[in-house]
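In what follows, chain A forms one complex with chain B and a second complex with chain C.
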Partner chain A sequence: MPWCLIDGKNVEFSDGATIIEAAGSAGIFIPHFCYHPGLGAPAQCRMCVVEVEGRTKLQTACSTPACEGMIVKTGSERVKQVQKSTMEFLLINHPLDCAICDKSGECMLQDNSYHYGDATMRTVEERRTYADLEMGPVIKKNMNRCIHCTRCIRFGEKVAGIAEMAAFGRGGSTEIATLDGAELKTPYAGNYSDICPTGALTLKDFRFKKRSWLLTKTAAVCEGCSRGCAIEVHHADGVVYRQVARENLRINRYWICDEGRFLYRYLGDPERVRQPLVSGNISDWVSAAGVAREMFNGGRVMVLAGEDLTLEEAKELLDFVRPAGAGIFRFGTPQVCAARDDGDEDMILRRKSKTSNLHGLQQLGISAFDGRPSGTVLVVRGGRAVIPDLGGCKVIGAGVFQGGETTDFEAVLPGRAFLEKGGSIVNCDGIEQRGVSVVPGPAEAKGLGDILRLLGRGGD
Partner chain B sequence: MYIAGGETLFVQHLGITGARTLDYFKKHMTGYRAAQKAAGMTTEAIIDEVKRSWLRGRGGAGFPTGTKWSFVPKTTAQKYLVCNADESEPGTFKDRAIIRNMPHMLVEGMIIAARAIGASRGYIYIRGEYEEEAGILEEALKEARDAGQLGKVDIFVHRGAGAYICGEETGLLNSLEGLRGEPRDKPPFPAVKGAFDGPTVVNNVETLACIPSIIMNGGAWFAGLGRIEKSGGTRLVGVSGQVNRPGLYEIPAGGATIREIIYDICGGIADDRQLRAVIPGGSSTPPLSADEIDVVYDIEPLACAGSMLGSAAMIVVSEDYCLVRLLERIVLFYERESCGQCTPCREGVAWARKILSRIERGTGTDRDISLLLSVADSINGKALCALGDAAALPIMGFVKKFRADFEAHVRGGRCPGA
Partner chain C sequence: MATRTRRVGPRKSLFHSIYIVDSFKGLWITMKYLLFRKKVTIRYPEERRQYSARFRGLHYIKTTNGVENCTACMLCPTVCPADCIHIEAGERADKEKYPVRFDIDIMRCCFCGMCEEACPKDAIKLSGVYDMSAAKRTVYDKEFLLVQRGNK
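So, the complex of A and B:
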């Protein structure tokens, strides 16, 4: 591999790598705004300049290819001076409203200003202001905070496949807006907020809910469809506040869809069944488990396993059900009965199977439910799988349900959702990923193992 | 329009009725005979001839044209020749004269250039305000096409929409492709990846119009028209400002000093006033003071004098004009014309203009003068394209050479002499 010298450190890089990429691979951070690994390097913000020996002008690290033997300095006096003036330029018109800005604490402008800017300001001029623009339900725009990095424009063009954002006007009065002031159309709009280096594009869903530094950030896997995108769950005190995309070059690169992003809402849905139910009424574990056990052991039983269960849960269920001689089938997304039915829903990430573990459950040899229920039915479900029509059967529910789904159920035993329990799922490409338990879940919810033990044992 | 000694290529055809017709072109100019001659030459021979001519780009940067052509890779990729007719630098009006009076000379130059670089398509990107000139070019192209002169090269006229930045060659290419008129990060340079990602040469109107006579008479002849080393041919000089006879002149390259141009050719300063400053090559070039005008008016002598020849658009400023106000007006132009994509130009130029306006109005402070210089320094050489420098260099030049004027504005709220 070719090598270069960055800040005195010998750095190997692959052919075609830019200086910023080479430096990054060696753990050397070069401040930047417009560059994003998934959106290219237009070299517009000029923050990433470095000194390259033998070249008179400072070079933009994002767009300059690393060369064999190149000697790069990322923190020379000249570089520092330009970084300082770039920060000064960017802050001439940026409002000092960090105190009420949702980006605060995770803002590239704030961080770079702190590390590379000057503590004093030389401007006395009035700041530039723009009128607000409504951009639909996902994103709130505040153009006054924009630093014209054009990441959002490039995201639309290069990733979302819909050029809905553009630069209007020119020079200092350039405005970034949607074409014709339309609302954002892409089902990936949440990413605009993830990539915005300032608080110009914030997530309406998250605004004013929590300061970013009060959030614990846990790596997780999205259970919204069979893609299994890498996400980061931001939570505090057992409550999930938002989900953002996490880089995984094999699966979702840097992006997630809005459906997945906002999926966490069902965890805290007021309609969620959080306590054991008997005939639709709030009960306790002793009574509800008693009713369920009696039904389960009282005759022919069919078990329906949601494709939103983890591999571990599915195996536990198989071990429980098979000795009892009950039939077990899986269910998930209508019309997507098997891996062969599961295809891309768009050209980006979303899959047809809206449950996370169709491929895993199929691999375990569990057959798809054929739509003909019989006897007593035990529905075990993680929260996403669409409950099929169970016609006049007596039904026990175990797992995560919303109130309206269980009106006809004899008993409901509340379980934990994916982010509350963790476990492994297999995505559409056969990649097995393990999620961890991020939040504890409702106090009365139990893990599937505990529920099955209650069903099997003779009374507690 | 005046001629200043020696042989001329252009000015003799100015103001002649019918000069723009194919008929006149055949009778009094190269008449597509140069293109026919070039058709019998190898591409290398054409490029060598142009290299020998020491023709240097007339758009502003002064890069040797033959060398530029030789950068185009010898691949089978679709290549493009683009004529930059976006003439937008304040003070410049030479290309318009060529287009209006001798459009066929440009077309013939393009045919030869296209052959030299292996391009089968040519575009003339003409500024939107040159509406009539675009029509003249269309007419000339039609005449040439009907007469079978274009051969295998197809040339299109593409009208801009009125942005200065589209005169920057990569901004021009973006605009030509239908994209937002924003310069591209370089490298890659257009010779490698230009219009529609193909190898592209972008040449100025005057540059291309020189080509037929180089091919007809030889590179050595053209080089000999110049009076200094490394600069061939003649130069169209547009003189504006407070001289007695402003206008378009043609001089041998390096054939006159600024003093000679002002006092001998243009009849001196109007109303017998004193000369204060000269902006030698369009509004983006640093000014020279009255005691610096004995410099030979060409690329290298002006570079040595700390300025630039640019597009040879000389703006002459007499003593009765406020230099602070003039600089403010220049910087306002670049503020408005900044495309806005890169930070130093978008934010810095606007800031500099605001500081300048304060100084001009008399509400500035001493600190503002050093702040202005510091802001200009933060822009200079740090922007994505040369537009940032175009604003920063005049600021640095004016403040350095005429600092007393700025101080007088700050302290007394007005010009020293006013």
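So, the complex of A and C:
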């Protein structure tokens, strides 16, 4: 492997790596704005300059390939001076309204200014302002904060496959906007907020809900479809405030779709069934479990397992159901009955199966529901699988349901959602991922194991 | 073994052991303060003491032209060691971000003044008001904090 010397450290890099990548692999951070590993490096912001021995001018680390034997200095006096000037230049027109900006606390401009900028400003001129244009339901735009890094433009072109943003005007009055002021069309629009290094593009959904430094960040897996993208759940006091993309080069790289991003909403939906129900009325665990147990043990039973259950839960369910001699089938997305029906929905991430664990349940040998329910039906579900038509059967629900779905259920035993329990799911490429329990969930909800024990035994 | 008591120091006469002289000495000090010195107490609550401008009493939210200075940046709840400030942020036509709710659970507050120090908008201030005893637990809301200006 070729090597180079960065800040006196011997760094090995693979062919074609840039200085910023080589430095990153050795744990040396070079401040940057326009470079993003998933979007390339147009070398526009000049924040990433480094000194390379033998070259008169400072080099942009994001676009200069590392070479064998190169000697790089990332913190020399010359570099520091240019970083200071770059920061000052970027802040000439920046409103510095961190107090009301949702990016505050996780803002690259803030961090780089703090670490590499000057504490004082020399400009006295009026700052440039723009009228804010609407950008559709996902993104809130505030062009005053933009530093023209063009990450958003490149995201549209290179990742979302739809060039909907462009830079208009020139020089200091450059404005980033959608073509003809149209609304954003891509179903991946939330990523604009993730990649924007400033608060120019923020999420409407998260607007003013919480300050970023008050959130606990937990790595998790998205259960929105069979892709199983890596996400980071941001939560505080047991409430999920948002989900953002987490890097996983094998699965989703740096992106997630909007459906997955906003999926957390069902956890806190006021319609969610949080207490045991008997014939649609709020009840307690003793009576609801009593009703369910009587139905379950009193005749022919069919068990329907949602494809949003984890592997652990599915195994538990199999161990419970098979000795009892009941039939067990899986259900999830209409028209996607098996792994072979599950294709790409677009060329980016989204899959046709809108449940997370179709592939896992199929591997466990659970066959798909054929649409002919019989006897008493026990529906076990994690909150996402679409409940099929159960035409006139008596139904017990166990797991996560919304109010409207359980109107003709005899009994509902509230369970935990994926972010509330954790567990393993298998994605469309057969990659098994384990999620952890991120938030505790409703006080009265129980894990599937406990629910099954209540169904099986008498009394307790 | 039996316990033995041993007297320590000189034996006192009856005159000495009823402390008659010492009692009068003590009384003299009391009289001296009562009759000849300047009084240190005031007739609270009719009379009020003027504290230093830096005194940290009851909070208030400063306004400019009738609009609250606070922009719900959440720095004060972040810095508050007693975790007693609770803010909900919102948006309205004349102000991009403002506190829809601003509650201070004054029973938890330790009057450290960190909130005042953290505030970038000169919004939350500690006034000179120091009498805030109440019969039940008090949570001061935004409406109260906006009109409560204390002696500043």
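In this section, the second predicted complex is superposed on the first by the 460 of 460 C-alpha atoms of A that agree within 3 Å, B and C clash if a C-alpha of one lies under 4 Å from a C-alpha of the other, contacts with A are read in each partner's own complex, and residues count from 1 in each chain.
Please note the rule applied: contacts are C-beta pairs under 8 Å (C-beta built on N, C-alpha and C of every residue); 3 or more make two chains touch, one makes a residue touch a chain.
Quick caveat: nothing in here was measured; it's all calculated off a predicted structure.
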With the two structures laid over each other on chain A, which partner does A:82 touch: chain B (first), chain C (second), both, or neither?
first
For A:340, select first, second, both or neither according to whether it touches chain B, chain C, the two together, or no partner.
neither
Looking only at chain A, is it chain B or chain C that touches more of its residues?
B
Quick check for you: in the superposed arrangement, does A:208 touch first (chain B), second (chain C), both or neither?
second
Between chain B and chain C, whom does A:100 touch in the aligned arrangement: first, second, both, or neither?
second
Just checking: does A:250 make contact with chain B only, chain C only, both, or neither of them? Give me first, second, both or neither.
neither
Looking at A:372, would you say it contacts chain B, chain C, both, or neither? Reply first, second, both or neither.
neither
So in the complex, the part of chain A that touches chain B is made up of which residues?
41-47, 49, 57-58, 60, 63, 82, 85-86, 88-90, 92-93, 122-123, 125, 147-148, 150, 166-167, 169-174
State the interface residues of chain B toward chain A in the complex, per the touch definition above.
163, 165, 180, 185, 335-351, 354, 371, 374, 378, 381-384
Per the touch rule, the chain C residues reaching chain A in their complex are 71-75, 78, 89-91, 96-97, 120-121
Per the contact definition, I'd like the list of chain A residues that touch chain C in the complex.
98-100, 104, 207-209, 211, 213-214
